[in-house]
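Some structures are shown below for you to check.
Shared between the two complexes below is chain A, which has chain B as its partner in the first and chain C in the second.
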Partner chain A sequence: MTSVASKRLYQEYKHLTTDPPEGITAGPVSEDDLFVWEAIIAGPEGSPYEGGVFPAELKFPKDYPLMPPSMRFLCDLWHPNVYTNGNVCISILHAPGEDPNHYEQASERWSPIQSVEKILISVMSMIAEPNDESPANVDAARMWRERRPEFEKRVKADVRKSLGL
Partner chain B sequence: MDDAFDIPDPTDWLETPLKDFSPLENSLHCDICKEFYDTPMITSCCHTFCSKCIRTCLSANGKCPSCQAADQASKLRNNCIMQTVVEQFLVARPAALDVARKEQQVGEQAKKPGKRKRTVLDSDDVAQEERSGRMTRRKSKRIAASQTSEPETIEIEDSDAEDGDEAYAPEKEADDGLMECLFGCGKRIKPEEMDTHLDRCEQEKREASKAKSRTPVNITNHRPPAAPDKPAPERISELNVSLLNDKKLRQKLEDAGIPSWGARQLVIKRHTEWVNIWNANCDSGGKKSQRELLRDLDSWERTQGGRAPNQNGPSSSIMRKDFDGVGWASNNRQDFSRLIADAKRKKSNPSAEQPATKAVDMVDAEPQSANGVHMDGSDDLRPQPLSDQKHHLPDDNEQPDRSYENNAEALSSIRDKVEATNEGRHYEPQINAGFEPATTNGDHDPTTSTEAPTTTPVGVEHEALLLSSHWGSTRKDEHLSAHLPSSPVKVPMFAVPARPFSDVDGGNVS
Partner chain C sequence: MAESQTSINIPQILAVAIVGFFAIRWFLNKPASASAPPASSSSRGGRQVDVTKINQVTSMFPQLDRRAIAWDLQRNGGSVAATTERVLGGRGLDNPPPSFQPNIPAQETASGSSSGVQKRGAPGQPDLITRYNLQGRISGKGKEAEPSEEERMKSAWSADKAARAENLKRRREEMILAARRKMEAKEGQA
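== the complex of A and B ==
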């Protein structure tokens, strides 16, 4: 039994394994269930997150690609656009109809023509360049805006801790 | 999983000399399903998607996925040229990819001469493996598979195979003063005759390609427009659900021939999906039957509809990898051992229940069918009873199986019946063992019995004919007799089935 969603997920999986974008690895956790993926994103170079490795979980709805997946980091990530529980707040993951913060362009939001690859690339660039207009983590956003050195210090410490250094 | 899902992918081209084919192939993909366009449709905003994909999107939010412009499914138009391009690309793809991979291997081997014993290790997979550290096991497997499975598609001499001109150029150097045909038909012509040749060559080529392309196109997609024998199905429109109450809505679904169970929301979703499936099929010229469309709907039902697995956790229909088999076995030990015991018991006396009930059925059926039918005495019309071999009647005299020959009891019972039917009286079936052998050397004459049908009502004869054909098919089930007990049982020799049977061959039963 293959649904539209699982076919497309397999197609994307194949594409991501044969031609992965730099710093990104992603695939289903188990071959039994194509609807739960794990992704690993490398901290972007030139950002305080550089050198870090951030695992995340992607959960796809049954009507993917009509609806976007949800994404949650499985590690602590101190970032203005990541909720403290790890959920990622990024416009590409918001379904066309919903706009929790009423500032997003429709073209920035999820559409079936997007893909896992594009999500992960967007998240990677979001990590490098936080958007503090609609922070998910207000404390992190304030720290990022007002006390940048402290923010960077904390992030670097987190990265080192996560790597066991 | 790899084999079941071996999908052509643009990344196949990346490591070959033809890596520019990757974006080309990508542009032949639908942005929604990321596969080759299937019945591409163009929107009002001039974006192209598969029919089913764009219909699903528009029914969900009424916007083009690419530019978010509002659009309606009714405004979609077929993008015929894209359809043709995709079909032709798919025809050309395997050969081109093969050539590209061969070329790449040649290049690889030339680059590292003498590094290893090529004569021994000159296998394609090894070369592939060595070339790229990043290549996954799956890919190398796939490459190997494609190389072993379709070697016959390699047509290197075909200049259309995008092989680049450099391999082709040296052949032009021939000193006979002739020029090779510019269209690559392989002929060599005097320069002054080139023009006329080209005209002819072009014509020939066009016709050849037309003939060549017709087959694959028909196989994959195109139905000639407006086939006279089967009119294209008409598109259906979406329901205005707000105007329909629950009952009417369900009625609409039943009228459409699709299931109408479930909550109202599900029913609406199902109808929307059905409209999309149906109309996408219309777009493609109706290449699928309604049965196939219903199967598609069913697969939607099982993946996204009312019978979809629970969203939490993996679908229940698939056994998990970490399934605790031992735990399950110990928890359900009782049930398993009961089933095993049942099976063993059945195996030890297979003949006990089934045949016995059959025999009883036959006897029970007897009283209702006792009238008239017994008069049928002709040999060829005689049904073969489902009983022991010894009681088989001869079909005709040539039949080699004469197991009844030395069985006086059986012979006597046969004669008894033949006499009875010849005289037109009813034959009362009895336990065969109770019969006394009447005459031991009286010859069985089939010709006498053929007179019997004259006394038989026409309807009965007809029925008997049907009957014999019916039994004829069951007679092949020789194994049935093996299950029957060898002791004589209460089986009437001239019985009709208790239930009326229908003529499966389509003939009319009066």
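== the complex of A and C ==
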């Protein structure tokens, strides 16, 4: 099982290196352990996150691709769907069949035909368009809903800070 | 004759044993159940909510007020799952009445229900320049333009493991430095 997962992760790494999607860099932290990756996602244009880059860690289970990886941002990311500890809450990272809140389409959830690339692209579009239905960071969700200018100001300040400026 | 006597005795002995068993049990339980009501009423009066449960919820949602968590736990009968569900459902926790003053020790790590300014610094992630040790490469105040880098980023798959790791590291660093350069340029214009 592990060799299936390793093989698949290696293939995905290769694909993401030779043909990386715009604004995404991803690969294993070390090739000695293909089950821990680090990705960098650029803030989507036209969103308050524009100009920022956000590192995240992906941890793959041994039975990948049957089960999805978990993803955690390694930077402060003030976003309705990102927990304050960095964990990302997005349907594509939810195992098939496991739907605690009963509002996700089965097609949105993880299945082995998805990929790291699709996860990262989904997360990128989630960053641009928060999903108000399942807030992981309740305070950020409320600010996003009720005080948008303040939300954007805070995000922009965080982006600037994260670049060491 | 003897047979009929034993057949009478065995049910009698059994009956005595059963009655005796229940009698002893009743006596043994009596003191415990007599002391139970005062204990539970004192816990109700003292607003005792399990601190470990509050800590569990706090560790998931550090932004929440510990008193509000205690209040919600008390009302739902101490179910961490129910409180978590409630928060995740976006309903939030009700504000506890002022009279509700549980005896909850502040958690060592969290600063509890302090101001938003304090919370903001709490995760305390270093900036990306520090994180990826890029201080040495930003000395030129972002003036060191590296135009050819864009082309080099689309590098091919190397057969060598070390070269691949190096390539990935370089792409990662360049992405961060490029973002910084861009941001600096944008601010320079403004």
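Methods note: the second predicted complex is superposed on the first by the 163 of 165 C-alpha atoms of A that agree within 3 Å, B and C clash if a C-alpha of one lies under 4 Å from a C-alpha of the other, contacts with A are read in each partner's own complex, and residues count from 1 in each chain.
Everything that follows uses one rule, which is that a residue touches a chain if its C-beta (ideal position, glycine included) is under 8 Å from a C-beta of that chain, and two chains touch if they have at least 3 such contacts.
Everything numeric here is computed off the predicted structure, so don't read it as measured data.
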| item | value |
| --- | --- |
| First (chain B), second (chain C), both or neither touched by A:22 | neither |
| Partner chain in contact with A:30 - chain B first, chain C second, else both or neither | both |
| Partner chain in contact with A:84 - chain B first, chain C second, else both or neither | second |
| Touching partner for A:14 - first (chain B), second (chain C), both, neither | both |
| Touched partner set for A:146, first chain B, second chain C, both or neither | neither |
| Partner chain in contact with A:3 - chain B first, chain C second, else both or neither | first |
| Which superposed partner A:135 touches (first chain B, second chain C, both, neither) | second |
| Which of chain B and chain C A:65 touches, first, second, both or neither | first |
| Contact residues common to both interfaces of chain A (with chain B and with chain C) | 14, 17-18, 30-31 |
| Contacting residues of chain A [partner chain B, same complex] | 1-8, 10-12, 14-15, 17-19, 30-33, 35-36, 61-63, 65-66, 96-97, 106-107, 111-113, 115 |
| Chain C residues touching chain A - in the complex, by the definition given at the top | 61-63, 87-90, 92, 116, 122-123, 125, 127-131, 138, 153-157, 161, 164-165, 167-168, 171-172, 175-176, 179-180, 182-184, 186-187 |
| Parts of chain B lying in touch with chain A, wherever the complex brings them together | 1, 5, 7, 9-12, 14, 31-35, 53, 56-57, 60-61, 63, 65-68, 136, 138-139, 299-300, 302-304, 308, 311, 313-315, 317-321 |
| Chain C partner contacts - residues on chain A that touch it in the complex | 14, 17-18, 20, 25, 27, 30-31, 38, 40, 42, 51-53, 55, 74-76, 84-86, 101, 133-139, 141, 159-165 |
